[in-house]
């Protein structure tokens, strides 16, 4: 069995060594990250599929046993997310391997930052130590700032600055919360905190919860903390935006879930999450409808999806978590596809406006088809995977007796349909403008998008490909005692 | 493998085959389409086992496919109309671009409809419903720029309907723990009143929307008239019937059997109002396609009324009208398409006098219009008769009056359609117009023959309807081949009618033709008595603008309030609201940071309320 | 039997009886004679008692009344109307203008002899003829019909070339639908 | 007729004389003013009369064929509805190839008169639109209102004549015979002089 | 099948009767209007002469097949409708095919003719015809509504939808519908002049405006067929009214008296009326007649 520590160690290491490899032989800059991502993906899948039910793989760093040492927990829940992240990271690499043609030159920087971000995200997901989680989150965040500012333009810098501003607030809050937590419990190990948190004064616990909520909420694109998102998504390169949606946001929501489901025991937070999630959905989707730029529209749509995921997780039921995981999977896959496709669609247009895309269906048939497919999937039309996510989500909502929430989600879905189908209408059923020069997708981009599309259609036609894993992950998340037992065999929940 | 699954796979396969065939070259694609048009119904009629069921579990939801007789009735519509429309499309779309997309969407919408009718659970019903919706959406926006608004409107309203159903479905799942239709029907009686209404009304809304009932009909005129006519015949003829199909089992299986008749009554009223107002709108259209679109809405209004009343005869009438409507509206949309293709326009103020240029199309339209108007001795009369009698027997006198007003006013637009396109003066502009190709005329003529036969022998349709109604809980429905009987025992013998009309007609035809045969001259339509003025060939004297102006003046108080306007205003209001919301994202980093802080402070301040310590 | 001469005669008598007692009149109201038609039809003179009633269009009419002078421009329309009428059809010319041009005899745009252009069965003289004269004209026409002498329509067909030549002398730009003989 | 009575007429005349180069101008009698202008002055004069002097009503327009002078005289008659004055604007153009400006942008109804004059006299109006054929159909002789058009010859040639009125006198001769006669009393009452 | 011969004979006789009576009624109408206008008027048999004359026209003109068929639709409609209306309550010849007669059916078959006629008129290309058709159809929407209200009121009140059934009920009760359902009768009566298209509802033909409207281009044999059909149809309408509201008739004399009395009502109204405009006509029908129709329906239903 492979050691999960490689997930973090190898990308981190390679990230810093990449300039060196570049010095040796230039194409290595493109190839090495691919190898790393492929390797991480391989080992994550290897680990995940060989996981014994109910028995997470636990690694103790530097030989210290928890609660004193830092540990990594590769369970059914975290394993699933890590597999997803590594898989998508690999696809992002496939997409951007040939990036000179895609239009950005500074490959060293790009791959270094990307690998750092992936490593950080994996770290966030795997770690069993709350301070460690903070550290990884910082790695992720800082590399994201860099990626946002990648184009070095004025707008990119501004976006990155906004991201930095808000991100640092996030870090502050999380750090503050961790400090408070440490003060109260005297430990940083999540399992131990989970045991001890019941004893914390509810007032302080609530403050900790709020600080965590706001801190992780920023990463998870929660309303009204998501001001950075549209700018960052629209200014970053296409594959980066894709990885933001699929990797960064996922690690944020993972942290949120992990903290509130496992570590802290605060009931009220779920209502808060529900409210915040609903507000996120409403504001994001309605704002998305009035956008004129494709990327910004996708960004807001992404926020909306994150809101939906939050709502799903806020039910605190197995069905809800299952639906939330399904939605996470959908969002990661489909949004990645949409961002990747939009990368080529908006490649040549300066303004990146939606109206510049008139008639692209004829000149860029594959990319447009992929975009259309992604749009169909994300609004939840069968037979694509988005439908099953929505179905599970709504049944979970109904099981929680929240009929009004169903109505709201569906109304918002109508709004989603409006803006996505407007784009499709433009792509396929308008005459194209004169003098558009287009960038045909490179073969590797086609490959990446095709794989994503196949996943979408495959899951859409037969969702049972993934439902088992999702169900297992759900069970694991709810099995708090099991988590503690595995991480800290010595202790047990009273 | 089950024949049902094979049927689905065949249709999907043909859809892909047509798409890729057309991307190779036109002939290959057309052969694939033709094969689809022949083989799909062939398979359906010969190989499909209607007693078969397939069940499987996906994602924890049990699903089941299988025909019942009620679904089979509607499948019959789909399986007869769609192939004819496909064959028609081969002629109609001959010179179009992107035919691959067209046939792909076309066949996928057939797949959707076929799937809906064999679904026994809500999940597969919804899946197929959505497939049908998006494939038809692709066809609605097929013609491009001008129809973008129509397309969005169609999609939005379809989505509203579909999501209403979706909501009902999840609520049903929450209450029964099952997605099967039958479980729902059986459990319905045990639901709390709120759940009963919520699920029932939501389902009804979803289905009613597809059948274009009044307040939510606004998607229909644009969608029907802007879609390529080859598809509109299916769109209006078969696809809208999916709503009727759903309404049938919701209204009858749920409400009527739970003794909640008023839901059906409300639906029937909505249907009647739809019929009247849509008819009025149809009268004043200048575009033949728009006219037919509104007429479709009106006709669906009759059907919905019939279903909504919920008596044996009224449902029978509703279902019969559903079948007939598919046939005659199929013909009419095809005819409009043929005119559009051959003469270049369907604007009734421009196109005139095509009767001698396109006699077959005219004949088919004439038959269809007579059937539509419900004039004996063609099939439409049978449906109208049953509908009236059922309403009268039921004592719904106001509804009778509304339906009658609607169908009397329907003569106005029926006539306008024929007059506007085919009659009137023959213009030099249309001198070179030719009859449409046989690929287009043969489907029309086949359907019109069907309409003529049903005038005397409606029993051939009754048979399937009576079978289908057993699934709605009406066993032993009485029907005869050509005698109509109402609940009070009054009857009409259609054979007598046809015979009487036929004999008189033939006798006088012979007399009129034989009398002075050699001295009967044909003159051109420019040779009219116009106070001796010689009409120049380029002068068009046909009266076609503001054709029903006096009637418009009478109806002005009703017509000036357009429901679309309210929707548009609502949409604008929402848009303004969205714009207001958008302002929250100012694009300013400080503001965002400020939001974060404020949010934190608010949470901290209200933490007691949130966490309740 | 229908072709049999004797029976044809009987049929003719019956048909002519019907024709003479049912005259649908198309008044081509040129000139001042048009004003004489209303009194003829209304209660004082009541032409309806002879079975005379107005017809609105030439397709239904039997008698064409030319009630006064004919301008060259109008002649074209009159010919058109006449040719649109169904056989058998009769023409009555009113007043001196129709007979010989009357006071307009030397006008460059008024024809002088109506019967050169279309066959006239009965002329009524006067300037203008009073309703009594009009009715007298109708009675004369009825008599001619019964006798089978009101055969202007037949003459027109037989001598169409001659009529056409006269007509074309005035109507230089001849664009008219064909006349069915 | 005193100055005072013709005050309005004189005022108009003064104005026009000051403003335009008039060939001739006079007050015919009370309420009637006549000016003669060059063809190119027609539009300014009419416009001035309409816009500045209140002659808003275009009463009539006619043409006289002065075959002896080789000229057409076109008369525009305007009407002041408040002061009740008729203004006659006369202009002369050569018979052959003469042309006048089109004035139907000033008064739309002038269009009808112009078309009639164009058809009946063959006088050209610059920029006049509308179908060529107005009253006469298929006319390919010289315009019938020109005095060199011989009506009698035309009629004799084109129309048939019923026998029996060969001795009918020309109406014009009859009128000529009558000119020397004294007017009857009742007619004198309506005479202008 | 033994009665089939009688049936056919009866049908022929009925048609002949309807034709004769209708023609004489039209003649009477002209005579009466003439007398009202202080004229002598044409002889009563004038319409026969008109039809005969039109039939003996030597030539006919049509603009196409629909115009050729137009009079056919009309006469088919008139005669077929006649076949399904009991002219006399019982008896061998004049009961016709009423066993399959049904009011809804009658209402619909009565539209068959005008619609076909309208198609024929449309094909002529004459604008007057099209305007006439437009007016006629509009007016039809106007008068059909109170008329159907009256009929539905009867049907709901007496729980039968066939003419024979209503006749039987009148015989059993010994009273006429015009007394037992006066509101329905008033509504039907107010709608009746529209059906006859006499003044003030002669907006379809409108001689001075439209040059006889839809029939502008019809002459000769076509027009004669139309006149025949018109006279038969007038009889049909009158008989239907008599059957529905005046207890039917058991012999021909009774029938003639009743129908003639009824016929005088639109004729006399027309004789002294100018013409409505189309929208005025529709507004008229949707005014008081509609009110009485509603009243009749409410009376019938409760």
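Chains: A, B, C, D and E, in written order; residue numbering restarts at 1 for each.
Basically, a residue touches a chain if its C-beta (ideal position, glycine included) is under 8 Å from a C-beta of that chain, and two chains touch if they have at least 3 such contacts.
None of these values were measured; they are calculated from a predicted model.
Counting steps between touching chains, the shortest path from chain C to chain D takes 1. Any chain that touches chain A and also touches chain C is listed here: B.
The pair with more inter-chain C-beta contacts, choosing from A-B and B-C, is A-B. Relative to the centroid of all protein Cα atoms, the closest per-chain Cα centroid is that of B. Taking each chain's centre as the mean of its CA atoms, A is the chain most distant from chain E. When every chain is reduced to the mean of its CA atoms, the largest separation from chain C belongs to A.
Each chain gets a centre from the mean of its Cα atoms; for chain B and chain D, those two points are 69 Å apart. Between chain D and chain E, the centres computed from C-alpha atoms are 62 Å apart. Centroids of chain B and chain E (each the mean of its C-alpha atoms) stand 36 Å apart.
Here the CA centre of chain A is 93 Å from the CA centre of chain D. Annotation for chain A: no residues touch 2 or more other chains.
Across the assembly, chain B contributes 519, 521, 523-524, 526-527, 529 as residues in contact with two or more other chains.
Interfaces, counted as pairs of touching chains, are A-B, B-C, B-E, C-D, C-E.
Touching chain B in their complex are the following residues of chain A: 158, 161-162, 165-166, 169, 173, 202-203, 205-207, 209-211, 213-214, 218, 224-225, 227-228, 230-231, 266-269, 271-272, 282-283, 286-287, 289-290, 376, 381-383, 387-388, 390-392, 394-395, 397-399, 401, 403, 406-407, 410-411, 413-414, 417-418, 421-422, 425-426, 428-431, 462-464, 467. Against chain C, in their complex, chain D makes its touches with residues 135-138, 140, 144, 149, 151-152, 154-155, 158-162, 164-165, 168, 170-171.
Per the touch definition, chain E reaches chain B in the complex via residues 55, 57-66, 68-69, 71-72, 75-76, 79-80, 83-84, 97, 99-100, 102, 104-105, 108-109, 111-112, 115, 118-119, 122-127, 130-131, 133-135, 137-138, 140-141, 144-145, 148-149, 152-153, 155-156, 159-162, 165, 211, 216-217, 220-222, 225, 277-279, 282-283, 286, 293, 297, 300-301.
Of all residues in chain C, only 14-15, 17-19, 21-22, 24, 42-43, 46, 48-51, 53-57, 59-62, 84-88, 180 touch chain E in the complex they form.
By the touch criterion given at the top, residues 353, 355-356, 366, 370, 373-376, 381, 384-385, 388-389, 392, 395, 397-398, 400-401, 404-405, 408-409, 411-412, 414-415, 418-419, 423-426, 486, 488, 490-493, 496-497, 500-501, 504-505, 508-509, 512-513, 515-516, 519-530, 541-544, 547-551, 553-554 of chain B touch chain E in their complex.
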